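Take a look at these structures.
There are two complexes below, and they share subunit A, which is joined by subunit B in the first and by subunit C in the second.
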Partner chain A sequence: MTERTARLRPWYLLSPALATITFLLVIPTCFILVYSFWLRTATGADQAGFYLSNWKEVLSDPFYRDILFSTLRIAAITTVICALTGYLPAYFIAMSESRHKSLMLLLVMLPFWISYIIRTMSWINILGTTGALNTLLIDLGIIDQPLSLLYNEPAVILGLVNFLLPFMVLNVYVSLEAIDRNLLDASRSLGASELQSFREVTLPLSLPGLAAGGLLCFVLSAGTYITPVILGGPRNAMFANLVFEAIITQLNWPLGSVLSILLLIVLGAIVILYNRLVGIGQFAKTFG
Partner chain B sequence: MDNTKRYERLLQRFQEGGVSRRTFLGLIGASAASYGVMGSPFTRYARAATPASVRFDGWGGVVSDAFEKYAFKPFTKETGVKVVSGTFGDADQYLARVKASQPGEYNLAHLSGVFDYVRYKDLGFASELNEKNIPNLQNVIPALVKVLRDISGGTLSAVPYDYGTTGLAYNRKFISDDEIKEKGPGILIDKKYKGKIGGWGEWKTRIWYAALQTDQNPNDIKDMNKVWDAIRTNRDLVLKYWSSGAELMSLLANDEIYVTEGWSGRIKALQDAGHDIGYYDPKGGLGWQECIFVMKGSPMEACEELVNFMLKPEVAIAVAEGQKYPPSLNPTKVDLPKEVQSLPAFDPTGTLAGLNFFDASYWNGHQQDWSQKFDRIEKGY
Partner chain C sequence: MTTPTHSVELSGIVKRFGDFTAVERMDLSIEEGSFVTLLGPSGCGKTTTLRMIAGLLDPSEGDIRIRGRSVTAIPIHKRNLGLVFQNYALFPHKTIYDNVAFGLKYRDIPKSEIAGKVQRALDLVQLPDVGSRHPRQLSGGQQQRIALARAIVIEPDVLLLDEPLSALDANLREDMRVELKRIQAQLGITTIFVTHDQSEALAMSDTIVVMSNGHVEQVGGPEDVYVNPTSAFVARFLGNSNLLPARVGAREGDVVPVTVDGFGTIRLPASRCTAVGQSDRATLVVRSENLRLAGDDAPVPGDALALPADVTTVDYQGQAARYFVRIGDKTLQAVNAIEMHPHRQGARVKAIIRGRDCTLVPEERH
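Up next, the complex of A and B:
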């Protein structure tokens, strides 16, 4: 193998992936960026050119800022709930000596076999006025009138947690599974209690997995569109809903492009921050 | 010749040794690549001949079921041309899809007869129908045809197909017929029903009803601030703005909401299913017509043949009974059965003089500002 061939070999190997990313991600994003500087005319046709009016409108209008903050807040709450509720099953599976460990992991992944939309819509049958929960509570005599459990922010967060929890569990599980058990034995032999051993050894070593799961949950929930549409009320729109409305209802593709790029920038900044603090390599461990 | 035949002929030549493996795979690859870039590689030729299929997009649910069962399947059986049907939740969503498509990708659509007709024409998607190929157009209510013809300067890009109303739908377990008549559109801003009111999350309908709630003519609104305030009041009382006919039916049938405005045909479908849902067209209530629109770039002869087939009285009547909306057939020319005459909004005179329609130029002129403003108010602003 000549030196030149050896030098170029990684690029040859990477070229299919790079070509895919270029054609399916970079070029479409560039199109969206170009579109964001166009203008939408009254007839709905787009006027090509370099206009900053859409950017000025989005950056100066508190409406977009408020919905963006609301989206980030919902994403943060969802992430925290996923972390709190996802750590326990991940810990249990990772520490289990059971021969059914693979089955337990399979159960965690089971929801992925059902369409996300179907899973989200199923909450209507559970939380609705005539749904399973209200019917049960009425039958048990706990309540007289059905509770309003749907079409509000908690319902949206519940739908998001339901969607994202497996991502968190799997990330944390991989992190816990990689911990050298000798470290736990060493901490116990040095006099640490089980709780101390967890707090001083297990938890710190599983934090990268928790962070990776958190990032994934945060980014996916911040970009969600369908959950607020199905489970939310009039005031529970998220940023992706604005993109949809700009492009679909208002036929204002340039404005929709600005909103898309803005969401990309905000979420990109969060990913960069994560990379600085934790390192993006944690994802490779989970998915590799 | 359709693409399947072209492929089969190419395959046969390859198997007989007339084409080398390299050439065969090259041609398949090239056709796949060109399909990805510009739609079907043989689109231009296919359009000129009778195509193997045409695409039809509609509203889904019971409406699509009726089209499929009573129009498309018999049409395919009679002509051999398959109708590939797709659905959309609202017309805006569909227009965005058409805007992003290649000419010829979408062929026919079940659209709003006036509002969408103008939009599609303005955006350059309008075809020109050869009316000689649609003799059944003679059976259609003249008033419905005239309004379309006037928009496109004497020609037609669509045929009217059905009409209906968007009136008040209410659950009789909780709201009486007398109460709905007394309160009219005002019931949608009645605090008594907070959390039990629904509404279509579509700007035109919301503004129309807000105009009625503020005693204004929806086609000539003088005080928009009053309208926006009424929409805000309604928003604060609404449980959910529904986004499809199926969702409307589900919310009403499951007692999630007690009152909403609703589409006459969908409410009739609920009533026929045994739900005690009332329907009331208030004074100034909203009427609409729908058409079968043919997109520019479509295989015109096949589309005209399908449209003509759909306008056959026996087909149009069967579809009307299935989708629960009166057909565009002129009742003074065509004998319509009792089932059709009992549908909500049916007009036995064939003039539709009693219905109020969107003034297309007025509403299209405000589309950009009002839809954007409504989207904000809907979200709490």
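Up next, the complex of A and C:
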């Protein structure tokens, strides 16, 4: 094989993936970018051209900024909750010497078999005024009036955690599973207690999984649209709901495009920053 | 009570995994400062034994004492043992310095002394300048030296090594053998070394514990187990031996006449027959280097048995040759130094077995 073909080989192998990404992601995104500079006229028709008025409107109106910030806040809270509650089951499964390990993993993935929308809607039956929880509390005589547990931010976060937890568990599990058990034996033999070994060896070596799971949870929850629609109230709209509103309800493609691109830029910047700080790539090299 | 010269004592140690007994009724006393090797084929329970001493496995029965104190109820991190693994097991996310300093953090050692101790350990393994690197930036041999430094820097009561050299290539393994022995002797640290490589065991040990199927076959110095095997298993496992079924005659003073089936009678010094009691049947062990092949006209010493033999295969090795010879209906192996020319294939030679070169062991159970 000549040096030239050797050099080109990775590109041949990557070409199907590159083609798919180009046609399904890059080109549509470019269209959206172009749309964002068009103008929506009073008649409701879009006028092609290069107008900055949509951008000016979105960037100057505090309405959009507030919703962007609350979206990022919800995503961050969801991520932290997923990390805290997902680590434990991942640790338990990875360290288990049970023969039923793969069954346990299957159970983690079980929710994926049910539509995300149905899973989200099922919370209405649990948290609604006549839902399971309120009925139970009233029957037990703990409360007289049903609590309003739905259509607020905690309900949205609950729905998101419910949706995203398996992603966190699986990511953390994979990195825990990859840890050489001899490292823990070595650490123990050198004098570290079980807890100290966890802090010094297990936790740092599982950080890449935690970081990857965290990023996934953050990006997916920041871009979510269904959960706030089903479980949130009128004031719990997230950024993707604005895009839906602009494009589908108002048929305002230029505005919707601006909002989409803005979310893309913000999330992209966060991913890059996060990568710098946590160094996902750096961690990958540690084990390379 | 226990004598203080014994560093490690196993009494009646048993380890069962479900129905399977990995180690059965093991008794062993290890002297302070000695280098003891657990030697045996794969699956004989060496690692299991070592892990029980380390505290990584609980024995099903029996007691383990280290420096006179029973440790079976003491958790691993309080046992003060140095552990070295086949795959090095260095912490990949820590620098070499932090790896070596790891165990010192959990001991009452003033911070100011840690750096000095780490440096002395790195000097001892002859890698003084790698402290700031990460494990992945070192070669396999270097990583194993660091693993050793990490284990000895805590001044453990016992150093436990599980096949520490078997991931290294042949040349490096020889170097590391010498190195490890030097460090062990210099520190005078009691060492238990696990291997299935007999040459490693013979070269390094003060005492070899030969194991098979979860029990101890023989304990002794390298020369002892090599020259005086007490069982057919040990004779077969260490070096290269011919095992000949034989009948034991009545002892005549210091001599025991042994009749090898089909070969005739050979007279052994009684000191070579201690492994066999009053039994009638036994197995005669003739090391392949003690089966001498000579020309037809060579003189035969008085205590020797001389048998006509046909050379079937010659395996030329430079200074020596390995021969397969047919004597009667048996094929035997001989390794002889070459004086002038090796014997030729097909040649008729005289196979000479001297009584004092042989060992009698109990008949093999089949």
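Assume the second predicted complex is superposed on the first by the 276 of 288 C-alpha atoms of A that agree within 3 Å, B and C clash if a C-alpha of one lies under 4 Å from a C-alpha of the other, contacts with A are read in each partner's own complex, and residues count from 1 in each chain.
One rule holds in what follows: contacts are C-beta pairs under 8 Å (C-beta built on N, C-alpha and C of every residue); 3 or more make two chains touch, one makes a residue touch a chain.
The structure displayed is predicted, hence computed values, not measured ones.
Participant: Overlay done on subunit A, so just call it for subunit B and subunit C: clash or fit.
Facilitator: Here the two partners, once superposed via subunit A, fit next to each other without clashing.
Participant: Per the contact definition in the header, classify A:85: touching subunit B only (first), subunit C only (second), both, or neither.
Facilitator: Neither partner.
Participant: Given the touch rule stated above, what does A:53 touch, subunit B (first), subunit C (second), both, or neither?
Facilitator: neither
Participant: Give one of first, second, both or neither to describe whether A:63 is in contact with subunit B, with subunit C, with both, or with none.
Facilitator: first
Participant: Look at the residues of subunit A and decide whether subunit B or subunit C touches more of them.
Facilitator: Answer, by number of touched residues of subunit A: B.
Participant: For A:98, is the partner it touches subunit B (first), subunit C (second), both, or none of the two (neither)?
Facilitator: The answer is neither, since A:98 touches no partner chain.
Participant: Vertex at subunit A, arms to subunit B and subunit C: angle between C-alpha centres to the nearest 10°?
Facilitator: Vertex subunit A, arms to subunit B and subunit C: 150 degrees.
Participant: Touching A:20, do we find subunit B (first), subunit C (second), both, or neither?
Facilitator: neither
Participant: Which partner does A:275 reach: the first (subunit B), the second (subunit C), both, or neither?
Facilitator: Touch partners of A:275: none, neither subunit B nor subunit C.
Participant: Tell me which partner A:128 touches in the superposition: subunit B (first), subunit C (second), both or neither.
Facilitator: First partner only.
Participant: Which of the two partners, first being subunit B and second being subunit C, lies in contact with A:189: first, second, both, or neither?
Facilitator: second
Participant: Determine the nearest approach in Å between the Cα atoms of subunit B and those of subunit C after overlaying the two structures.
Facilitator: Taking the overlay as described at the top, subunit B lies 47 Å from subunit C at its nearest C-alpha.
Participant: Which positions of subunit A touch subunit B when the two form their complex?
Facilitator: Per the stated touch rule, the residues are 40, 42-45, 63, 67, 124, 128-130, 148, 150-151, 229, 233-235, 237, 242, 245, 247-253.
Participant: Taking the touch rule as given, give the residues of subunit B at its contact with subunit A in the complex, in rising order.
Facilitator: By the definition above, subunit B touches subunit A via 90, 92-93, 95-96, 99, 119, 122-123, 195, 201, 203, 235, 238-241, 243, 250, 254-256, 365, 367-368, 371-372, 375-376, 378-381.
Participant: Could you please specify the touching residues of subunit A with respect to subunit C in the complex?
Facilitator: Answer in residue numbers: 180, 182-183, 185-193, 196, 200-201, 204-205, 286-288.
Participant: How about subunit C: which of its residues touch subunit A in the complex?
Facilitator: Contact set of subunit C toward subunit A: 54-56, 75-83, 85, 87, 89, 91-93, 102-103, 105-107, 134, 136, 150-151, 154.
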